[in-house]
Amino acid sequence: MHYTIQQISDALSATCEGDTSLTIQRAAEPADAGPNDLAMAMSPKYAEALGGGAARSAVLWEGADWQALGLSAAIFVPRPRMAMAGITAMLDRGQGIEPGIHPSAVVDPSAELGEDVSVGPLAVIGARAKIGDGSVIGSHCVVGMDAVLGKNALLREMVSIGARAVIGDRFIAQPGARIGGDGFSFVTPEVSDVENVRKTMGDKGDARAQSWLRIHSLGAVEIGDDVEVGANCTVDNGTIRNTRIGDGSKLDNLVHVGHNTRVGRDCLLCGQTGVSGSVDIGNNVVLGGQTGVADNIFIGDGVISGGGTKILSNVPAGRVIMGYPGIKMETHTDVYKAQRRLPRMARDVEALKKAVFKQSPSD
Amino acid sequence: MHYTIQQISDALSATCEGDTSLTIQRAAEPADAGPNDLAMAMSPKYAEALGGGAARSAVLWEGADWQALGLSAAIFVPRPRMAMAGITAMLDRGQGIEPGIHPSAVVDPSAELGEDVSVGPLAVIGARAKIGDGSVIGSHCVVGMDAVLGKNALLREMVSIGARAVIGDRFIAQPGARIGGDGFSFVTPEVSDVENVRKTMGDKGDARAQSWLRIHSLGAVEIGDDVEVGANCTVDNGTIRNTRIGDGSKLDNLVHVGHNTRVGRDCLLCGQTGVSGSVDIGNNVVLGGQTGVADNIFIGDGVISGGGTKILSNVPAGRVIMGYPGIKMETHTDVYKAQRRLPRMARDVEALKKAVFKQSPSD
Amino acid sequence: MHYTIQQISDALSATCEGDTSLTIQRAAEPADAGPNDLAMAMSPKYAEALGGGAARSAVLWEGADWQALGLSAAIFVPRPRMAMAGITAMLDRGQGIEPGIHPSAVVDPSAELGEDVSVGPLAVIGARAKIGDGSVIGSHCVVGMDAVLGKNALLREMVSIGARAVIGDRFIAQPGARIGGDGFSFVTPEVSDVENVRKTMGDKGDARAQSWLRIHSLGAVEIGDDVEVGANCTVDNGTIRNTRIGDGSKLDNLVHVGHNTRVGRDCLLCGQTGVSGSVDIGNNVVLGGQTGVADNIFIGDGVISGGGTKILSNVPAGRVIMGYPGIKMETHTDVYKAQRRLPRMARDVEALKKAVFKQSPSD
């Protein structure tokens, strides 16, 4: 892949100056950039490092003095991260999965593959599975029986798509993602300790020890368009209805989404977030890394949780939350500041008790 | 799979009324149910939605007025979740792994496969591995050398069973589960910072920077009967003895169980729970999602932890705990309520100090 | 593998006494040891259990009275865990991957394999990949195009190495480890809620709902010598530069390392730890299980975090931290103790207010 500065600028609908016929092959950080690299120097802070590298061209912020920076050519962008989306899409060298069906793949004769579908080495496509035009199935992937995968999907290696999953267009799955494992759903013959604790918020009652019976997952997973799931992440089948992930939502690595849960449109679930079963998550929700969500609750549109938040009850739309249990971020900050002063406050209270009640400090 | 209402009712040891010869193919939620579906409407709340669907038959709570609900037939169950176990087991359409050994599987000639064992495409069965009658090995699974797997196992795709693992009957493993990775065990030539911190609860001493030497895992993993492990979960080999999971215990997705740990009978380890090495967990323990358990502690029979609990010290049998660090749930609730009022209490204390000591408020 | 007591003692540079020609095959815990096993009884506490087994030989602490313990031979070691490293390395029976290239493996003709490389069944080696002498590639592994793997690597089954990864010598990867998934990096066309919240620490502003555009990962993963990564762990590609793991660092199961992050030398990242993108971690850092690290921060050399710590801001070198958010361990302990007394302190403050201000207690 070789592009001129002009071509990249045009693709970004940006402006450029200098020798815009310069050809670049790679993007690079300013300090690492060679003469044929395009340096990413979208703020004055990053531009400082240009001197340490050998870049002749760079992507800069609007109004930057490219000549003073010693460059031969420059592209100017108003929103740097947005430009990154365009530039990185152009320069992505991919994983090298060859076009066509690799002879070692095991494709069921009843599977329906669209046009220009690539199937990598040792992938398995099950009975009656349908794969849309232009999709790329990485090596060792499994697409289960009766699963439907839309157009232009990209599955990296060792991705599982369970039987009966229905997935939209432009799906991306990183290595080892698991769509359609069975839900974690068990029941005891009689009322269990856990059911008692949930009712009473702490009291187990006197339930006897029992074994667990399995509730099978008859539902599947239903995923919209433009969804991406991270490496080794897991989305479980629903029990009766399908587990659902809405259009445009993105799941990071090692994220878990339990059975029956609905994730809305354009959500981000960051690394190692875990969502229990039967949760209802709205649109444009962002859950920070290692967020946990208890089962059977709802999270309104536009909710944002900070990293490590444990969401144990319903969250109204638009709220920004943090903590364990998750509360409004402002309240969390106040509580947290007060906590840091707690040991001193404890001493103050003891002194007050002594002064007011003439008590000796309690142990 | 087609069943009459009578057949399902009989299988559940339930009672039924109406046209019990009606045939159903699928279970469905009340609002989604078609005329040939069995609607799951086990409480009045769910039954309300029956009008939105087209179900002619439903599973109802005992004493429900099925005719008033517009149904032609109904099954009555005393414990709805329990009925779900039976119904979903009957109607599970499975993943479609064909009987027999797929020609693409790589089975070592010294492996011993029982009767009616299915081995999916591209699975690998190692030297001297033994697989019990009726077990189903999914595509791309690896059963390591000298591993023993009992009867009627179901391994979904890409499950790893390490060398020398010993697993009981009716084992279920979801996609990407890893049994028998090596334990995480390293040592420095001299006493390390971490060892000092553990002794002193915070002081590193002056240990110098050192590299880590590996302690190999000579033990394996030993799993009882009726155990299920979730997608992408990991159970590590023991160092000298085996890591052990007792009969009837269930691990959810992305759960981690460290080396040497013993998990008792009939435990539930919910999503993303992590148990360190050399932990001793009793029977009938339930660890909520994202629970963490420090190494070298014990957790008594019947302990229940709320989601997100970090268990840093021994927990006596029967206790219900929550928080970081995990404490009795009632205490946690009290502490938590007091925390929420902390910012106000801080202001109260400042006012008291001013009144009692004539102090100006501290910064 | 059969060794005499003398051979093992020599390999450990230890001393031994008694019938040092005794041959052992296996290490065992004292109570489980048979007559041909070497009992690991490195402290008086463990030695107590020797009577319950049938060991004739044991590894003991220095100065132990082996004859009084009823043994025929003994090895004496000054640092027991250190001896474990040597003994377990000698007695490791491995996973049984055969030498040579398995005929079912798919090796690109342009790949370069060193001497004595083993490639297990159904592994895939991509175009121009280079694998160093003596490396063992487990079954179903994928080594991506242009990836470089050093000498004497051991990849267990189903490990992914993404395109262009560069990995040093003696790399060990447990089953299902994912090196080189794409980073989790998305941008909205206009400023998003999340960007506002980060700036204001809680206020979302009035950003409208937007969809996410993908920033591709052009960088790869760069790993030093003597690194080990656990089962199902994930290390993502960098955006422009490479994500980097330094020499001697070890990652436990289900650990996540985000794009652009740098992990220094000789670090331990314990089970389910998650490190966000663009984090800079120094050398000899130990992160306890389920630690979380926010993006774009630095963690100095020698930092130690307790299990469950959420690190939300920079941590200076040498600090021992704990909590959510992570603070100095001593402070955390003080705060925690005061928290436990909070409900009582709340009552004290109410009593004080009543006495001092003649107020009735607030609700």
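In this document, chain identifiers A, B and C correspond to the written order of the chains, with residue numbering beginning at 1 in each.
Quick note on the criterion: a residue touches a chain if its C-beta (ideal position, glycine included) is under 8 Å from a C-beta of that chain, and two chains touch if they have at least 3 such contacts.
As the structure is a prediction and not an experimental result, all values here were calculated from the model.
Participant: Using the touch definition from the top, list the chains contacting both chain B and chain C.
Facilitator: Shared contacts of chain B and chain C: A.
Participant: Can you check whether chain A and chain B touch via the same residue numbers (shared by over half) or via different ones?
Facilitator: different
Participant: Note the rotational component of the Cα superposition from chain A to chain C, reported as an angle of 0 to 180 degrees in steps of 5.
Facilitator: 120
Participant: Nearest whole angstrom, what separates the Cα centre of chain A from the Cα centre of chain B?
Facilitator: Distance between chain centres: 23 Å.
Participant: So which bits of chain A are touching at least two other chains?
Facilitator: Correct list: 122, 140, 158, 176, 232, 254, 272, 290, 324, 339, 342, 345, 349, 352, 356.
Participant: Along chain A, where are the residues that touch chain C in the complex?
Facilitator: Counting only chain A, the residues touching chain C are 26-29, 32, 40, 79, 81-82, 84-85, 88-89, 91-96, 102, 104, 120-122, 138-140, 156-158, 172, 174-176, 226, 228, 230-232, 248, 250, 252-254, 266, 268, 270-272, 283-284, 286, 289-290, 301-302, 304, 306-308, 318, 320, 323-324, 328-330, 333, 336, 339-340, 342-343, 345-346, 349, 352-353, 356-357.
Participant: Over in the complex, which chain A residues touch chain B? Could you list them?
Facilitator: The contact residues of chain A facing chain B are 106, 122, 124, 126-127, 140, 142, 144-146, 158, 160, 162-164, 176, 178, 180-182, 184-190, 193-194, 197, 201-204, 209-218, 232-234, 236, 239-241, 254, 256, 258, 272, 274, 276, 290, 292, 294, 310, 312, 324-325, 327, 331, 334-335, 337-339, 341-342, 345, 348-349, 351-352, 355-356.
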